[in-house]
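Once you've had a glance at the structure underneath, I'll fire off some questions.
Chain lettering (A, B, C and D) follows the sequence in which the chains are written, and residue indices restart at 1 in each chain.
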Amino acid sequence: MKKPWYEWIQSIDRRIIYLVVFVLVSLPFFIPIPLPMDVSEQVQKLYNKVEEIAEYNKTAKKKKVVLFSMEWDPAVQAECWPQTEAMAEHCLTRGVPFILFSRWRPEGPTLAQQIAEKRAKEHGKKYGEDWVNFGYKRMDLPAFLAFIKDIYSQVTKDTEGTPIRTVPMMKHVESIRDVDLIFHVTGSVGVEQWIQYLQPETGVDVSIGCTAIIGPEMYPYLDSGQMVGMMEGLSGAAQYERLVGHLEGRGTRGMGSQNLAHFWIIAMMILGNVGYVFQRRRERLDKQRVEMSGE
Amino acid sequence: MHATYTMLILSTLFCAPIVYFILAARKGREIFIRPIAGLEAIDEAIGRATEMGRPVLYVSGMTYLDIIGLCSMAILGQVAKMCARYDLRLIVPMTSYLLYPIAEEAVREAYAGEGKTDLFNSEDIVYVPGQFPYAAACVGIMHREKVAANFFFGSFAAESLILAEAGNQVGAIQVAGTISTMQLPFFITACDYTIIGEEYYAATAYLTKEPTMLGSIVGQDIGKLTMTALIVLGVICSVLVAWLSSVHSNWMIELLER
Amino acid sequence: MATELEAKDALRRKVETVVVVVISAGALLYMLVDMFRALANPPEGMSGGSALYERFIVSVAAICTIVIYSFLYRENLFYRFLQHILVGLSIGYGTAVIWTQLLKPNWWDRLVGAESLPPNPWWILAVFPGILWYFQLSRKKVWLSRILIMFFMGTGSGAAFMGVFNLLLTPEKGQIQQSFKPFLTRVGGAPWFTWTNFNNIIFVVVLLCVLSYFFFSFRHEKNPILPVSSKLGRYFLMICFGTIFGTTVQGRMTLLIDRLTFLYTEWLKILAS
Amino acid sequence: MRKKLLMILTFIGGLYYFVYWVMPVESRLEDTLAYFGKVTLVIGGFAFLLGVINMVRLHGGKIVLKRPGYHNSVALIVAMIAMTLAELLRFYIKPTPDWVSKAYDLLFFHMRTPIDSTIFSLLAFYMASAAYRAFRIKSLEAGIMMAVAVIVMLGQITVGISLTKWIPSEMLQLQNIREWFMKYWNAAAQRGILFGAMVGALALSMRIWLSLERGSFFDRQL
């Protein structure tokens, strides 16, 4: 028996769907799609905050520092890499020293180091003077609280084994209060602990670069001002790249492909549901007919 | 930051009811918890599985040994009891090596409690480490065993999507409960009923009738009620600030920040 | 009937084998050509050997990527192999890094003394509590590992008071104070209703309804507000989940875009990197 | 006896931070915090071999017994040793020899990283097939959710944004509607969840700190 159309459109093989996804995501690599992009409020705020630090650093002897809390691993590098890159680019070009550090993800600082090295090479910046890598310190809450109290009690050497006090950049940092912004990049959570334990005591601003998935969860903090800004997913990174003028970054390049992929998902949702609705209606009619004939 | 006086008063307001109700519940005080819609769906799903005579799958996701995991194991115990009562086979894939023995014991005890020790097969508690292998194993079981009901209780990560889709494909009744907010959308669209966020703990308390949990839920409710009252008062104050020219600042904020 | 199915199966297997052979031959051929090209004209400032090695490791990464994608067709041997390699690499890395970046500088150097630090034998004492972790592996003495677990849980719960109240009540930025959204604005000495106030009303109503959905111990029958507000609360939660759903689509697609970017730019060099 | 010991330890651990929180800023505890942190950092770090031991136990057994698929276990162990060695050699031999950094480059940046991110990227495909096969609008709830989801999706892609660029009122353009849902509806609901979770966290810490918790894990084997 021939299948009715609503069953047919519900039974497309999943491999065909996969293939279409692959093709649709690939197409914009070769056929560029125009990208009119507005910079969202959260990204703009984050950018302004870093600019503010840069302005201060121009004249100050003891510079303000940004701490990159690199809680991401290769699984989410697609989003976190461009975010870190955009921020590192901004900090390096505008003379804002930064620290790489992680509590949960051993790979985070290693990948971030690679990013920083690449960007630094282009701008003639040097490790030790413009940034430092604390590396991975597996900290439970007690250790973290001590870290807030006294950085040097928890971090004695950088990843290269250089005693941390002899790294030139660290002359700007006596305590965590000299860090002016936390930039937490993550694919899961953990940013709350900065807000809970660091911010009330020291007034250090917290910001986040997160995968799009956890973006919505951050809005209560953005609303309350506990978080100054956010880069949300690839689009956040692309917007930041636009602000920094780093248009060859991974963020901007990827946005074209998002379009077709999104439309495909919406189309699939509609197709599946149309089939479902008609099938249900037919089933209901059949049932009624059976009941009628039964009488 | 160190505690202010307001914080100390509020912490007493939040914590005292919790401790009081836990102790009261242990002494045998009756405690009411509103019926949770998703739990009726569990009975329904077990009923359906009994009709079809096919196994039930209990998935605990990326749950580790913490409170969420222990709650999941408590719910597993209850589900296993129901399965044992209706002579159903229950399959439980686990991903944490610390929870695995706890799960095995919970199911074994449940079957023994119903006098169906012979129905229990320790090979149905499967240990699969790693997120994607775990998801693949669950999908494999769903297709191979043609499960009639899926239960998802625990904390979930990206694998929720794969699990919910596969369950939908085999036409199983699915009930989910998780506090992982990010995964809830996928369960809501693909499952027959979903227990949302904090409801997960309430569901555990409702099922197990464990006095500590029950008392804690009541105590927490009082805490939430306090919070609601604070917010309502604060909003009223802020309206007054805009309305009356004689009021210059929000009293509630001043009170809270003292 | 059975033979027909078997024949179909055999045909499918043949087609699959051919496809696999063609793809892997293509990839290998490309890899070799690419490596030789790099060897013949290495980029400036690089020896031929390093250039060849560089192209070789890029090809390894690309082949890993393609092999993993073969999982979309069917679970297979190669996929499982790489999965095991991944677990090995990440555990190996995690372990080594704790030594080199945490225990070596913070414990070993303090114990035996390093550059400017005098040796401090007291640090050897840290081993004894540290060793308790390993009783997790024993079935009988597992309770010893609980000493550490419960101790850390205890410190966590003691610190939770600080965490919760700091989050809720930080001066000016606390979650509770920031929920006191004004429903009216004072404009030029008189109360006025603006668009922001409208949004504030939405905010507070949604917040309270959602909060009321999580009340579990009040009876709904005797209460005039709770049944309505908790029902609304569930619908408002759905709106919230809708936004999560939307952003998740973007997040997942980004993961794929990243891998394709790698294949097209760094491996195949179809696009400029 | 053992149970009492655990209870006391848990209580003392919690008490320290509770008192630290309650005491005013100038307390003596302030100075002890850093010492305490130094020691706990090291003690926490000592768990580092657990993962390795577990893997060796699990896969070593498979290799010895030549279970099916044991070659995978061999690969796992070899990869683990290679990665550990690469990191240790890179750290200890200064300046790092060329072959070490090359091996490290291969293992970390060209195997560890691409395999992990590719496995995770499979989700992009699953998303599409799940959208087609599983996401059914079965109820009003699911309907509301899907409607919001579509608006959010259109509001975050460039083509979607240009669809409504012609509308003169900026408020009605898709990206701003998305932002409106995010900033008010979503933020408020998330805050509701957060408040519930915070009270829950307090309750949980009270239960653990005062050892009120009951259940199989806390009662068993002690």
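Just so we're on the same page, contacts are C-beta pairs under 8 Å (C-beta built on N, C-alpha and C of every residue); 3 or more make two chains touch, one makes a residue touch a chain.
This is a predicted model, so every value here is computed, not measured.
Chemist: If you take the chains that touch chain A and keep only those that also touch chain C, what is left?
Modeler: Looking at chain C and chain A together, the chains touching each of them are B, D.
Chemist: Which chain's mean C-alpha position is the greatest distance from chain D's?
Modeler: Of all the other chains, the one whose centre lies farthest from chain D is B.
Chemist: Once you find the CA centre of chain B and the CA centre of chain D, what distance in Å lies between them?
Modeler: The mean C-alpha positions of chain B and chain D differ by 19 Å.
Chemist: Report the inter-centroid distance (CA atoms only) between chain B and chain C in whole Å.
Modeler: 22
Chemist: Hey, how far is the Cα centre of chain C from the one of chain D, in Å?
Modeler: 6
Chemist: Please report how many Å separate the Cα centroid of chain A from that of chain D, as a whole number.
Modeler: Chain A and chain D have C-alpha centres separated by 14 Å.
Chemist: Where in chain B do residues touch two or more of the other chains?
Modeler: Within chain B, residues 1, 3, 11, 129, 132, 181-182, 185-186, 188-189, 197-198, 224, 227 contact more than one other chain.
Chemist: Enumerate the residues of chain D that touch no fewer than two other chains.
Modeler: Residues 17, 20-21, 38, 40-41, 44-45, 48, 54, 91, 108-109, 112-114, 116-117, 119-127, 129, 133-137, 141-142, 145-146, 149-150, 153, 156-157, 182-183, 186-187, 190-191, 193-196, 202, 204, 206 of chain D each touch two or more of the other chains.
Chemist: Can you pull out the residues of chain A that are in contact with at least two other chains?
Modeler: Answer for chain A, listing residues that touch two or more other chains: 18, 21, 25, 76-78, 107, 110, 137-138, 140, 142, 145, 154, 161, 200, 212-213, 216-217, 220, 223, 235, 258, 261-262, 265.
Chemist: Touching chain D in the complex: which residues of chain A?
Modeler: 10, 12, 14, 17-18, 20-22, 25, 33-38, 40-41, 73-78, 107, 110-111, 114, 137-140, 142-147, 149-150, 153-154, 161, 212, 216-217, 219-220, 222-223, 235, 255-256, 258-259, 261-266, 268-269, 271-273, 276
Chemist: Touching chain D in the complex: which residues of chain B?
Modeler: Residues of chain B touching chain D: 2-3, 8, 11, 14-15, 18-19, 22, 65, 67, 70, 73-74, 97, 102, 105-106, 129, 132, 158, 161-162, 164-165, 168-169, 179, 181, 185-186, 188-190, 192, 197-198, 201, 210-212, 216, 219-220, 223-224, 227.
Chemist: Enumerate the contact residues on chain C facing chain B in the complex.
Modeler: So the residues of chain C touching chain B come out as 75, 83, 87, 136, 161-162, 165-166, 169-172, 174, 176-177, 179-186, 189, 191, 204, 207-208, 211-220, 234, 237-238, 241-242, 244-245, 248.
Chemist: Going by the contact rule set out above, which residues of chain D touch chain A in the complex?
Modeler: Per the stated touch rule, the residues are 17, 30, 33-38, 40-41, 44-45, 48, 91, 94, 108-109, 112-114, 116-117, 119-121, 124-125, 127-129, 131-137, 146, 150, 153-154, 156-162, 165, 175, 179, 182-183, 186-187, 190-191, 194.
Chemist: Which stretch or stretches of chain C touch chain D in the complex?
Modeler: Listed in rising order, the residues are 53, 57-58, 60-62, 64-65, 68-69, 71-72, 80-100, 102-104, 106-107, 123, 126-127, 129-131, 133-134, 136-137, 142-143, 146-148, 150-164, 167-168, 175, 179, 199, 202-211, 213-214, 233-243, 245-250, 252-253, 255-256, 258-259, 262.
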